[in-house]
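Pasting the structures here.
Each of the two complexes below includes chain A, the first together with chain B, the second together with chain C.
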Partner chain A sequence: MNVMLDRLLLIGLAAALCAPALAAEIPRTKQGKPDFSGTYDVATLTPLQRPEMFGENLVLTPEQAEKIAAERAAYLAADLEPSDPNRSAPPAGGDGSTGAAGNVGGYNAFWIDAGEGAFRVDGEFRTSIIVDPPNGRFPEMTPVAAKAQAERRRWFRENTGEAWWMAEEGPGPYDDPELRGVGERCLLGFGSTAGPPMLPVLYNNVKRIVQNEDTVVILTEMNHDARVVRMNGEHAPPHMRFWLGDSIGRWEGDTLVIDTTNFRDETSLRSGTRDLHVVERFRYDSEGQVVYSFTVEDPNVWTRPWSGEYAWPRTDARLFEYACHEGNYALGGVLRGARLLEREWLEKHGRQGSE
Partner chain B sequence: MVSRSLLAGLTLTLLAATGFAADYRAPRGPGGEHPDLNGIWQALNTANYDIEPHLARHSLQLREGPHGPLPAVDLLKLGAVGSVPAGLGVVDGGSIPYRPEALAKKKENQANWLERDPEVKCYLPGVPRATYMPFPFQIVQEEDGMMFLYEYANAVRDIHFEDPGPAPVDSWMGQSVGHWEGDTLVIEVTGLNDQTWFDRAGNHHSAQMKVTERYTPISPYHLQYEATIEDPETFTRPWTIRMPLYRRMEPDARLLDFRCVEFVEELLYGEWRRHPLPRP
Partner chain C sequence: MRKIVTAALAGTFALALAPAASAHHAFGAEFDPNRPLVLRGPVTKVEWVNPHTWIHIEVQKEDGTTEEWMVEGGTPNTLLRNGLNKQSLAPGTFIVVDGYQAKDRSNRANGRNVTLENGQKIFMGSSGTGAPRDGFDPNER
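The block that comes next holds the complex of A and B.
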């Protein structure tokens, strides 16, 4: 026999053995499907949209990744130092700190659990979750959606302690609970944590998957939002609408594919509409790690679909009960505060100064 | 002959207790060893109104009328819809063995139902109330894990089959640790807070409560449910509720959204709108 042919056969055999060897290593159910059941902590320092400095570069060098992790570790170490018990009160009007809690110095590292480093897929650190468009950024919005977004942004202002909206026509941002975001209202977690697409957020990033042949449940810690995926099911009729959409699943080889439609007017994903369509995939990567990827389409919002992926590392952590509504003192406080500011405004400017 | 009639008598007793023969063996679940509890289940009784035996009454909250109780003013306009359907009760022996001061609190809760029942505010229902809320719940069972999903307020219980130790913090739905006793799933629930009730009749408990639940398949379409309540701070002895749970048989049965948070915003926050709507 031809030695060359022998060697080719041998290489072919080795290649054939290698691929299934990996496939055999992944955990499987009794039915032989990849087993994704378990607990995951999806926190990551890699942002959804790629910082522009990385251009079209999807991959971080190990040195860059190490630097990001080291900077985070240093920040956490500094922030977790005990406070000086003899420190003076913060200055009136705030201490100038920035972030989610404004300038009153809330939300230090104790409250935040947003990961310790960049995530890795197939052994490579990533610069962003979004992989398509190639610049790792949201695609262009439709003119209608861009206008709606600009309208919403008009309402995002620094809190100067004044009811500035009283000087403007039309409704103000704090008129009614329905005008506040779904996260603030405890209708859903914020930042599309339960999705779809399910994205990492500032804290409470733990997920649970329970899986059998007919059903896959993905439970997101923040607001105990469970998605029930009906395997090989058909979508609900179009008049049926769901806060987390209607999810059906199927297997494509060793990949679990979840297709979600039938959303309501407001979705977990900011800017999404009832025509949102999300296709998600779970797979094991070359390092035996679960990778979650997704493609988002919403013709009302974006001029083309966009896609992302990131790692879901397993964790020994357990989910806490995120009972948001039961402890939601903030929403009432926001509305009451606005009413007080409006009264002050009227005292200062009188009726003619408003609306 | 004697033994045969005795046996027949025993069988009859069992049938009377559960409605089903005791020798039912359910199909095995995903792990192959334990029964398959997967499905959408629902209680069919009036326990959420009142777990104790009760006659139908005017309203969940009453005031004295010239000829007996009448609906409280705030509930008057609900008419027949606001009345309470009768129930045989689900408590073994009929009544809850309250300590005297706890019974007084129950009566006070009942007199102030509208203001105090956590269900009115769409708060998480706790255990065991989640089981017999008038909403379906789904059991999703995998080879070695299980999750309970409730339509009401998207409440969730993740069942641990390895004891993780004491609950790190009290919560509305508690910490659930499960094990199998034959074909019965036993779940011990601890770490419950004292904010939840048993029903709309003001029946309550403390944060010391431990609930031991038992789920036993008794036909392809029924689970027998039992929950034993231990809470020495509130009750003089442990007591048990039991009821069948029914499989939802609609071909497209599924949990729908009942995220009632949005339905109580007007109640909880409406007075703080910039332009409040008329309120009662």
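The block that comes next holds the complex of A and C.
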């Protein structure tokens, strides 16, 4: 009889251990609400948009996830290998690098901290942050937004070291500091790091949440951007506009919901407008990990809302100050450089009938 | 076949990461692909600032004179978390930089590849440029 009882107890204990995290297990405040206070490192190799090869498959196998992490580790290790001490200058005309490295290269990998692998939610590795639309990619843009995007893309040319824009109608990309992005002007971190929605970027992925009954503060390392969420508050009047939007919070069961409106014409999220509306949710998943999810709506930009989610793993690492204007020599350099290249262009090609 | 699939998988992820890999500003807007250079000389100062660190070096020219150059790196915060600091790259350390000069023709270059005199990466090298990786620092990776 006692043996039977022991067995039953054992089975019960095992079931309790294997069950998804029970409500009682998550950290809670004195008021009994889930406690999200803490420091998080949100770096991940999983991209915002799903690579098309995965189709509607949201989940990576553990083997695939392991492979991705190993490839990344090998890439970083290779970049940190010694170079030839007698090396010569890189090739004239550019090194062929693309993206932000713009045909001149960026900097060594030891500066970079973009994560070691794909993130996991409820025990499953993911192929993308976007979960809806089901293909994990941005929905179709409105015709107006698509046209505006095409116009912006006109400015993303290969870096030839020439003022190519002098041969085109309309303003050039370096005419005015306010034509440069909010990241380059140190107004906000790049890549929607402080959002909303808050997205992982190349480095500075550490965030800190401080929470009490009335207020939740989310501090993003780059550019030391702090979002102050008023719990059970009301939005500011429509004429008041904010770089990070105006955020109010509420509880839906054990989920913290944050609603943000009142954006400016330029938002941290690429393509967003003043009518952007973001609803974010923080919850604990079945492994006791914090999961951040969001739904983005902007009728000026997308033909339907889209949603994403990813893990916010806790970290012992510290968040440091990020005084962006302190060392932002680049903006002045970019504008001065453009003026010199324009002068050279005029010397070479003349005014081309502009006078 | 399997090998091809997994290689493509990792490759696609790397490719998909490219848009996220935008830095604080586009280096292509700041530096001139037609002005490649290699700089050699001792560090004179490190500006341990955001959004980008600047390493100053005294470049020895062929005619025996010297000129100061500034080399642009990444955010110092990542290095701080790895137990490094401004003193980790001491003035007087001889470094080699290959990169491109700024479009504004100032003595500035991108730190495309910054190494010690022997080719080891700075902050990774052994000659007094890296914090000890002895297991004492919980953030050590």
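We take it that the second predicted complex is superposed on the first by the 328 of 355 C-alpha atoms of A that agree within 3 Å, B and C clash if a C-alpha of one lies under 4 Å from a C-alpha of the other, contacts with A are read in each partner's own complex, and residues count from 1 in each chain.
Just so we're on the same page, a contact is a pair of C-beta atoms (placed from the backbone, for glycine too) under 8 Å apart; a residue touches a chain by one contact, two chains touch by 3 or more.
Quantities reported herein were computed from a predicted structural model and do not represent experimental measurements.
Enquirer: Please determine, from the superposition on chain A, whether chain B and chain C clash or fit.
Expert: Pair status: fit.
Enquirer: Is A:316 touching anything from chain B or chain C once the two structures are fitted on A? First, second, both or neither.
Expert: second
Enquirer: Should A:201 be classified as contacting the first partner (chain B), the second (chain C), both, or neither?
Expert: It touches chain C, and chain B stays clear.
Enquirer: For A:174, select first, second, both or neither according to whether it touches chain B, chain C, the two together, or no partner.
Expert: It touches chain B and chain C both.
Enquirer: Comparing chain B against chain C, which has contacts with more of the residues in chain A?
Expert: Here the partner covering more residues of chain A is C.
Enquirer: Contacts for A:214 in the overlay, against chain B (first) and chain C (second): which applies, first, second, both or neither?
Expert: Once the two structures are laid over each other on A, A:214 reaches chain B alone.
Enquirer: By the touch definition at the top of the document, which applies to A:225: first (chain B), second (chain C), both, or neither?
Expert: A:225: touches chain B, not chain C.
Enquirer: Is A:326 touching the first partner chain B, the second partner chain C, both, or neither of them?
Expert: The answer is both, since A:326 touches chain B and chain C.
Enquirer: Classify the contacts of A:187 with the two partner chains as first (chain B alone), second (chain C alone), both, or neither.
Expert: A:187: touches chain B, not chain C.
Enquirer: Mind working out whether A:343 is in touch with chain B, chain C, both or neither, as first, second, both or neither?
Expert: neither
Enquirer: Between chain B and chain C, report the minimum C-alpha distance in the superposition, expressed in whole angstrom.
Expert: 5
Enquirer: Which chain A residues are contacted by chain C in one complex and by chain B in the other?
Expert: 174, 186, 223, 318, 320-321, 323, 326, 331-332, 336, 338
Enquirer: Within the complex, which stretch of chain C touches chain A?
Expert: Residue positions touching the partner: 6, 8-10, 12-38, 47, 49-54, 70, 72-75, 77-82, 96, 98-100, 102-106, 108, 110-115, 117-124, 138-139.
Enquirer: Touching residues of chain A toward chain B in the complex: what are they?
Expert: 29-30, 37, 171-172, 174-178, 185-187, 208, 210-215, 217, 219, 223-226, 228, 230, 240, 242-243, 318-321, 323, 325-326, 331-332, 335-336, 338-339, 342
Enquirer: Where on chain A does chain C make contact in their complex?
Expert: 45-51, 53, 64, 67-68, 71-72, 75, 80-85, 87-95, 98-108, 110-114, 118, 159-161, 173-174, 180-181, 183-184, 186, 190-191, 199-204, 206, 221-223, 316-318, 320-324, 326-334, 336-338, 340-341
Enquirer: Looking at the complex, which residues from chain B come into contact with chain A?
Expert: For this pair, the touching residues of chain B are 30-32, 38, 122-124, 138, 140-143, 145-147, 149, 153-156, 158, 164, 168-169, 171-173, 195, 254-257, 259, 261-262, 265, 268-269, 272-275.
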